[in-house]
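Structures are listed in the sections that come next.
The two complexes that follow have subunit A in common; it is paired with subunit B in the first and with subunit C in the second.
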Partner chain A sequence: MQPLPTRNWEDILGKIDRRLVYIGLFLFTLAPLVGRWALPLNTTEPTKMLKKAFDGLPQDKVVLIASDWDAGTQAESRPQLTAVVRYLLRKKLKFILFSVTTPTSPQLGQTVVERAIEAEGMKDTWQYGTHWANMGYRIANAPWLRNFARSIQDAMKNDWKGVPLAKLDVTRGVDKFGPEGQVSMLVDVTGSSSIDNWYAYLSPSKVTIGLACTGVMAPEQYPFLDSGQLSGLLTGMKGAAEFEQLTEQKGFALAAMAGQSFAHLYIFIMLVLGNLSVILGTMKKRARG
Partner chain B sequence: MILGLINPLTGTDDIWIVGDPWYRLIIFCLLAALLCTVVLGAIHMAGNQATRLLVMGCAFAAGLFYVLEFFIPPDAKSQEVSLWGVNLTQMSGIIGNANQVVAGFTFLLGVYNLVHIHGNNIRRLRKGWGYSLSFFIAFLAMTVSAFARDWQSFFDPKYDELKNTAGYQLWMPSWVNDVDPTHALMPHDIFSVLFEGFYRNMDATMFSILAFYIVSAAYRAFRIRSKEAAVLMITAVIMMMGQVPLGQAITAAIPKDGFWHGLRIEEISQFVLNTINGPVQRAIGFGLGLGALGMALRIWLSLERGTYFEETS
Partner chain C sequence: MSWETAVLWIGAFSTLALYSVLYKENPVYRVAEHVFLGIATGYGLFVVWKDVLYPMWYKPFIVERQWAWIFALVAGLMYYTVYSKKLAWMSRVIMTTMMGLAAGLAFREFFGAWVPQIGKSFKPLYVSVNNEAGQFDLAQTIISSATNIIFVAVLICVMAYFFFSFEHKNRVAKGSAYMGRWLMMICFGAMFGSTIMARMSLFIGRLDFLFRDWIPLIK
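So, the complex of A and B:
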């Protein structure tokens, strides 16, 4: 019978079974959520900029929300949309929801808005058609986007249930973007690169553009913050949490940040363990000469 | 005249002869179908050289329209562009909406493709045919339940207004179309159960699996074996910890407004994003923009090699 091979620290640290790695991540993420651990959060400048942009909007115009996410990115996009909608409700700013990237987005956005209205206790005062509307999904190809930037009424003739825009108070007469038009701001809550469309087609209209994107997309957007094309940015769930904190909302994102914190800590620990095995291996090689 | 011709519902009578807009629409559809048949037939019957010329001509004409619409100075008052009496700005709107219709057909093509592939899997009892069967069950369940729920709203214009009033006859039972206002946030009908209960959670689960793979991949592959890898690792750790409260707590003792505030991890993380990442992203953006412009010109002028442009045997 052959003796079992002895495992040294280098192997133990460097070759942890992947199933153990998965279980560790699961527990590290779950524990803070179950324990409801609350951690203090610093608010970054792009989030403050977005709030400032909302604060400067006129009451007599509408905000267009491009809800361009599907269930895959809901951990980040859903709290972002919720936080933005709740703040618009508090500011009594009318808004119109639409989507250009995912066909399931209008349904997901609709649920978010209905729950936000419920959470703000405005179910009886904030009515569909009068104060907000859902325009549904449109396929964003370049010719349509050009038309949309030129005339909203021409590009979107009815809401997501087929009701003509002229029959809804909130959409009646809403046709142009920017200072001369009826749309004061466009906020893109997205899990894809849909914001590039708005830079290209809406920037000439001087409409204020805000963005709430997933964490991995945010680094690409900093040049646009610098240039002023973007008026504010929410980065992933952290952005949603910062916005909730800034606007004194008790939402999901703030509660979930502890889970994300510990997940990041876990990745850090795993990186240290992996690299420790490399260091031990190097030391052993040197000792052998 | 052209606008009237291609927009049958609002076009003028002198072009369309028939006054009723719905008859105009039917005639328009028939003429469009006839034209498409003639063009497609011509392409099919023509030789390679003629087909290539036709495709090149169409690509050039399509691109030229937007070039003209963009570069011709608009009318100072209306801000609309006209060329030889044709209002290109209004026409671009119609083309934009027509594109929506054409793009809509791609969904149909997608559905056909899925049905074809999974149908063959089941018919030939290929390995994993059970998954193909589950596709059909899921597809039909979502489609039928969604249409059944909204069916009445398509045909009854007063549905939304009256659906919750006593005496109003609903066509579907509550498990198909639940209009109970107390269930507004989560209707107890089959579509809501499928969408909110199944689809949303399953899609989120698929995406969240990525987190497990990322951790595993980072642990296995992110090893410092060179100076470059060390720089990358340090940056990654700063970014990762600077984004979350737990990481921010590491340097929380440094005053926010003091001289050393720049040493707080979230400040370092923002510095990396703004000062190092920003210019790099801008440079990449310029490169991509120039590349896209070059590519667009090549396609417009049919200089691009590939499908439709190569010699076919």
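So, the complex of A and C:
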């Protein structure tokens, strides 16, 4: 009778069914969300810079928000836009939404702003057309971008429902970027590379540019922060959570970061176990010669 | 069942159907995948007509009778001559015209986006920092100078890796290029880490939908 093969630690660790790993990840992510467990969250410098940029804006100018995201990145972009809009509402800074990369953005952005206004209890005081507007979607090809950088009125003409910009208080006369213009800052909340357009076409106007991008895009954006082309940066859901914490908002991102942190911890443990299995196996093979 | 409840259940079913692939490839996942692709394509076509072709071409051309817009139609149709051997030269005319236009515009984009980066890369290796009282701050001076030195060193090493005009036989060139490769690996690692964070965010977004909106477990 043949002896049963002995199972070593490295075999057990190396042959865990991937479906068990997924179940573990599911539980590790869900439990903190349900139980409202939280790990401390450190606010990073790029987030502080964005808040500082907002704090320095004049009241008589408007902030342009490029809402360039869709359902694919809404888990990151929606809390970012919500956090930014809520802070602008608290600072009583007028803002105008528009989109250049995804045709579904205007509707998503509109919903976010309406909910943010409700959350801040400003439904009766902060009116569409007077304090904020949505200019809708335009295709950002190079000639249009050049025109937009030169004259917002000429490039946009109407809001997303076809109302001429001249008929809305908040958009009337808003035409130029930078210190001489009527737009004090452009914030791009994006899940794509739309920010490249603003570096290329708006940097010469000296307008303050802020960015809220997905985690995937963030590492590429740090050089722009260093060069001063960006005035602040929110990195994915973490950036949104940091901004919520910094501006004392109770939003989705802060609650969701609990799940994010525990999921990272789980992935880290799995990485260590996987590598341990390989290292132990290699050591045993070497020992056997 | 109200319309909102039906939408909620369809959303929950679709989410679970797509995640079912994690267990194994199955027909429910396939159906959900094809339904999503079909809807996205149909919706995309509708949006192109509603937000682009109708307001930007059809309305000025047909409704407002600005006849010059016929040239846009002709230029657009010229792309399709690529399928005819006899008329393919027409597609080359429009393609080369557009390529020339794009190349010209790219110059402006390059100067707007990248020239400030080049300028800001020339950092001083010694930065003298004064505190708020106007006195010399040694700690901040060391930190700022060290930051700039690290920046310049990383920049040189990475550029050395991409310098192919001579063979990397020299010890300095070889060492800096090798270091540059490692530094890039660290950067790619950071990028991959951010990607994991982004993917987890999407997963949390779906969990929030399933366990807040569908099954109210998260308060």
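Quick note on the criterion: the second predicted complex is superposed on the first by the 281 of 289 C-alpha atoms of A that agree within 3 Å, B and C clash if a C-alpha of one lies under 4 Å from a C-alpha of the other, contacts with A are read in each partner's own complex, and residues count from 1 in each chain.
Definition applied: a residue touches a chain if its C-beta (ideal position, glycine included) is under 8 Å from a C-beta of that chain, and two chains touch if they have at least 3 such contacts.
Because the structure is a prediction, the values reported are computed rather than measured.
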{"item": "Fit or clash between subunit C and subunit B when superposed on subunit A", "value": "clash"}
{"item": "Residues of subunit A touched, compared between subunit B and subunit C (which is higher)", "value": "B"}
{"item": "Touching partner for A:Q59 - first (subunit B), second (subunit C), both, neither", "value": "neither"}
{"item": "Partner chain in contact with A:K238 - subunit B first, subunit C second, else both or neither", "value": "both"}
{"item": "Subunit B versus subunit C as contact partner of A:L108, first or second or both or neither", "value": "first"}
{"item": "Subunit B versus subunit C as contact partner of A:Y201, first or second or both or neither", "value": "second"}
{"item": "Touched partner set for A:Q74, first subunit B, second subunit C, both or neither", "value": "both"}
{"item": "Subunit B versus subunit C as contact partner of A:Q229, first or second or both or neither", "value": "second"}
{"item": "Touched partner set for A:N147, first subunit B, second subunit C, both or neither", "value": "first"}
{"item": "Subunit B versus subunit C as contact partner of A:F252, first or second or both or neither", "value": "second"}
{"item": "Where subunit C runs into subunit B (options 45-53, 117-125, 171-179 or 207-215)", "value": "45-53"}
{"item": "Shared contact residues on subunit A - subunit B and subunit C", "value": "22, 72-75, 103-104, 139, 143, 146, 215, 218-220, 223, 226, 235-236, 238, 260, 263-264, 267"}
{"item": "Subunit A - residues contacting subunit B, complex", "value": "16, 18, 21-22, 25-26, 39-42, 44-45, 70-75, 103-104, 107-108, 111, 114-115, 118, 138-139, 141, 143-148, 150-151, 154-155, 161-163, 215, 218-220, 222-223, 226, 235-236, 238, 257-258, 260-268, 270-271, 273-275, 278"}
{"item": "Contact footprint of subunit A on subunit B as seen in their complex", "value": "66, 89, 92-93, 95-100, 103-104, 107, 150, 153-154, 160, 184-185, 195-196, 199-204, 206-208, 211-212, 214-216, 218-220, 222-225, 233, 236-237, 240-241, 243-249, 252, 256, 264, 266, 270, 273-274, 277-279, 281-282, 285"}
{"item": "Contact set on subunit C toward subunit A in their complex", "value": "22-23, 47, 51-52, 56, 101-102, 105, 108-110, 112-113, 116-117, 119-120, 187, 190-191, 194-198, 200-208, 211, 217-219"}
{"item": "Contact set on subunit A toward subunit C in their complex", "value": "19, 22, 29-30, 33-34, 36, 72-76, 103-104, 136-137, 139, 142-143, 146, 196, 199-204, 214-216, 218-220, 223-224, 226-229, 235-238, 252, 256, 259-260, 263-264, 267"}
